[in-house]
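Going by the order they are written in, the chains are A, B and C; count residues from 1 in each one.
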Amino acid sequence: MTAYLLKRLAISLATLLLASMVVFAVLEILPGDPARLMLGMNASADQVELLRNQMGLNAPMVWRYLHWVGGLLSLDFGRSYTYSVPVIDLVRERLAVSLPLALIALALSTIIAIPVGLFSASRRGRAGDTISMGAAQLGVAVPNFWFALMLIYVFAVWLRLVPAGGFPGWGAGAWQALKSLLLPAVALALPQAAILARVTRSALIEVLNEDYIRTARAKGLPYRTVLWRHALRNAMIPVLTILGLQFAFLLAGTIIIENVFYLPGLGRLVFQAITQRDLIVVESVVMLLVAAVIAVNLVVDLSYAVVDPRLRSRQ
Amino acid sequence: MTLHVDIPEETFSSILAKAFRNTAFVTGFVITLLILAMAVVSYIWTPYDVTKLVIADKTQGPSLAHWFGTDHFGRDILSMIMVGARNSIAVALVAVGIGMGVGVPLGAFAAARSGLVDEALMRINDLVFAFPALLSAIMITAIFGPGAVNAILAIGIFNIPVFARVARAGAMAIWPREFILAARAAGKSSTQISIEHVLPNIATLLLVQGTIQFALGILAEAGLSYLGLGAQPPMPSWGRMLFDAQTRMVVAPWMAIFPGMAIVITVLGLNLLGDGIADILDPKSRRQR
Amino acid sequence: MSLLEIENLSLAIGDTPILKGIELSVAPGEVLGLVGESGSGKSMTALTLMQLLPHAARATGRVAFDGIDILAATEDQMCALRGYDIGMVFQEPMTALNPVKTIGEQVAEGIRWHTKATRAAAEERARQMLDRVGLPQAKFPLSRYPHELSGGQRQRVVIAIACALKPKLLIADEPTTALDVVLQAQILDLLRDLVAESRMGLLLISHDLAVVTEMADRITILRRGEVMEAGDTVRTLSEQLHPYTRQLAQASMHVPARAKVHAVGSAKPLLEVEGVTRDYPGRRTSLFQRAPAIRAVDDVSLSMAPGQSVALVGRSGCGKSTLARMILALDRPSSGTIRFRGETITGKSEAELKPARRDMQVVFQDPYGSFDPRQKVERLVAEPLHLLEKKPTRADCREMVAHALHEVGLDPRDMDKYPHEFSGGQRQRLSIARAIITRPKLVVADEPVSALDVSIRAQILDLFAELNQKLGIAYLFITHDLTVARAITDEVLVMHDGKIVERGKTNEVLDHPQSEAAKALVNAAPDLHRAIARKIQEQG
């Protein structure tokens, strides 16, 4: 067990290290001089050079990389060129929007998908299965930002139940804030739920064909009990894998969805920072998102071990 | 996780006969064919010229003259959807080509070599997977500038590990088979075995993944051009049309509805096609029916 | 009164008829053997009794168990019967247990469900049951998971599940087919004892006439969904009134006609194995530690003369397949050398091995898995031709394939078919055609007939014998089945725990085994003659 844990942990850390090098390298070749950007077009070459020195941009690359990583580790992400505030403050502020959004969406998607998948698998081939899988098939095909537009049209423009976009901030009261996160979360969650429901169903059906299901039924357990006690846990492994992948999708999805709803979240921040060449923000946020994805995958790997005793005793 | 690869043992004609009895396959096939035909036709003919702005006709609702209405420059939405299809299909298809072309040999190689080579390739895969695809696509387009070619590159790169993983998992399931051992006893090298025995046997798996990635590519392209990072105006693209529609939702909802429907139907068609192929060729799913 | 009575049972899946008018009955405490080759419908009969058939299956007729009409029973009634009054043991122990639940949970689950006992009480009973089937507390606590157990141990758990509530009827569907002969004997003993203890009726399903004869009071012989013959075991098999019964009995005792031991003379040995050892690295117990290496093959030496037929026998996991792979240069020894035709083949590159590979071919066990389903027979059988120094032309190639197919008794026109168009026995012929096409000096055959029905098995053994005579090919037969060894080999090597523990003339070793391992194998091997003789003796 511990060997498995340590190995997964080591792999995650190595991936994280490599990822940081990639991010740093990519931004090194990104065109645009931050010093020039900060000072504007009218600044003289001397002024730019002076600022470059101050910002440490003229130091050797390895040194700058180490400096950057050191900063990340001590939560000192540097200062944003465009906003002129510490990046950590920006991130903290935006995370307060994006994290709840992603979590609500993930929860919503799981809560919808797993029961639907179970329902469908247990009535395979019958009307209920056909209808819910037809809906899932459609759900998979819908781009989340278009779905978001349709939601806005129906619920904000037409029914006027929720705001069409923007975020009042948590200061305006939890309910107001949640209300403005509701549509975005639904827009993010439903297409993911459709995928997850399909995976859950097919994983269950695969497991239901296994010999040990027949053994369980030969004990006299009713079908329903066999489904819950024997099939579900075995089917969790592919479901967990997809859940892990979906977290990455959700993070990326926030970039578009936050743009659709004008939400001041991390996705919108990184998107704007790229267009404004605010490299230090891009670096930090991208690294943060990548670290989140790696961490979630680590959790998924570890949960495999909880579900499957064979992994616990293997290396 | 182990992947179970059942090898269907059938002839081409019996597969074909089965295909036409499979509703998912037929529906998906017809939709895909229609969308492709639409894109091809758009080269020769569209109801209206999509490059001509007719301000007098701006934001008109659906009518006999303009089935899907017009946009804020008076362009015919149907014509734009037709031309936009080219762009979506080209981007997604080439991206699948890149993914398959690089990913499949990598995956097959990793499975054939196992050990250190395999481990290294899989770690690189992990690395690419750590970057949410859209985020990286944004970074790539930010470096090289927006445009259809860079969108292809961005989506293509992220198809590589997907195909590598599928090919590797499929190949790993084929390698322990006795017929591989027999080929080794006949003195075939691992490259020969990969080409002659492994790839033909995982082809259906790759075909199914191909349709899935094609569909995902359409979605990703729409997302990128919605953010202004895909094909640039005046070239119409479905994502861009949705972006233009967003601020005019109240006055001209059709501007958003029809391009979105085009995306949904295309993706739906491809997914049905993939499901159908998997259904027809996978003996296990047949057993369930 | 009968415990189970089946009258005129017919079954169809979709439009395909599976069973046609089956009649059989089992009395309390009686063992009924249901015998048949693959496709005879014996497993489907069992699943009908349990009402665990596929959805599309429709059964008609009458199945009465203990006064209950099974075909008319509701699912709730069946749930009450399954595992309580009727227990079932399946063929494949490796997949019959849920990998994520402990053996304790899996045994106790049925007990709790049927008796509404508390968890503690149910676990107590599960414990007793596991002790009874030979899995004592000390080595097999309830908290063990299936993957920590071997195949034989897992089958014991499955039996514990099936017998936990002392059912009136136990159905065992090929319970030992996946196990080696020694384990088979142990499991059969266990079943016999359990049945006697609680006067269970046992419906024993098997393809192996010898196994059924040893166990059953009465037998029913099934073929293509129909009962061929039924009656008292000894009488049915000693009289052999029905032609199919005779055919089955003869096939399972078949010995191919072959000239006695080849004149070996002073010819140089064809194959020499000297002090070969193969270690597999132990599994990692923590980041820096590994368990000690597993020694699959331990200092094995042997030598074979040209044209000689040698059997390598042993229980599953004894290292015989690993040794075969090293001889075929598909795996490398950790130490020791292997010489073929006087040349060392260990440590050679693929290119250097080509001439040796030409003279050394292989036939595998599984007639379904050993062909690439995507290629036509022509390409498959011609595959080893690529070892020839001069690449033959397409026409030469077809000529050689046609000749090879002819030699194994297939039609040369078959070369344009795909492997799935052939039956299991025909595929094994294809496998042999592929092996002999380069005119090798040695063919290594790894359990080449153990996946085949008895009548087909007899034909394939004949083919091996004929080719041995005609082409002078030496065979190394890897098998756990002593009847195969006896039928077709001159010499036998007995392998145990990676070592060769006994060697000698086949008949001598099998008739008078010296080592413990050989004795165990010989005693456990089912033998129809012996089984009938013993039965007659018992009945007096």
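Rule of thumb we're sticking to: a contact is a pair of C-beta atoms (placed from the backbone, for glycine too) under 8 Å apart; a residue touches a chain by one contact, two chains touch by 3 or more.
Since the model is a prediction, treat every value here as computed from it, not as a measurement.
Here B-C and A-B were compared by C-beta pairs in contact; the pair with more is A-B.
Of all chains, the one whose Cα centroid sits at the greatest distance from that of chain A is C.
Rounded to whole angstrom, the centroid-to-centroid distance between chain A and chain C, based on C-alpha atoms, equals 50 Å. The distance from the centre of chain B to the centre of chain C, with each centre set as the mean of the Cα atoms, comes to 46 Å. Annotation: 22 Å between the Cα-based centres of chain A and chain B. Across the assembly, chain A contributes residues 125 that each touch 2 or more other chains. Among the residues of chain C, none is in touch with two or more other chains. By the touch criterion stated above, chain C contacts chain A in their complex at residues 50, 52, 55, 75-76, 78-84, 87-88, 90, 92, 95-101, 106, 109-110, 113-114, 145, 147-148, 158, 161-162, 283-287. Residues 11, 14-16, 18-19, 22, 26, 29-31, 124-125, 137-138, 140-143, 145-146, 149-150, 152-153, 157, 205-206, 209, 237-238, 241, 245, 248-249, 251-253, 255-256, 259-260, 270-271, 274-275, 282, 286, 289-290, 293-294, 297 of chain A touch chain B in their complex.
Within the complex, the chain B residues that touch chain A are 1, 4, 123, 126-127, 129-135, 138-139, 142-143, 215, 219, 222-223, 226-227, 242, 245-246, 249-250, 253, 256-257, 259-260, 263-265, 267-268, 271-272, 275, 284, 287-289.
Taken in their complex, chain A has these residues touching chain C: 2-3, 6-7, 125, 210-212, 214-223, 225, 229-230, 233-234, 307-310, 313-315.
Only residues 328, 330, 350, 353-354, 357-358, 360-362, 364-366, 369-375, 383-384, 386-387, 418-420, 431, 434 of chain C touch chain B when the two sit together in their complex.
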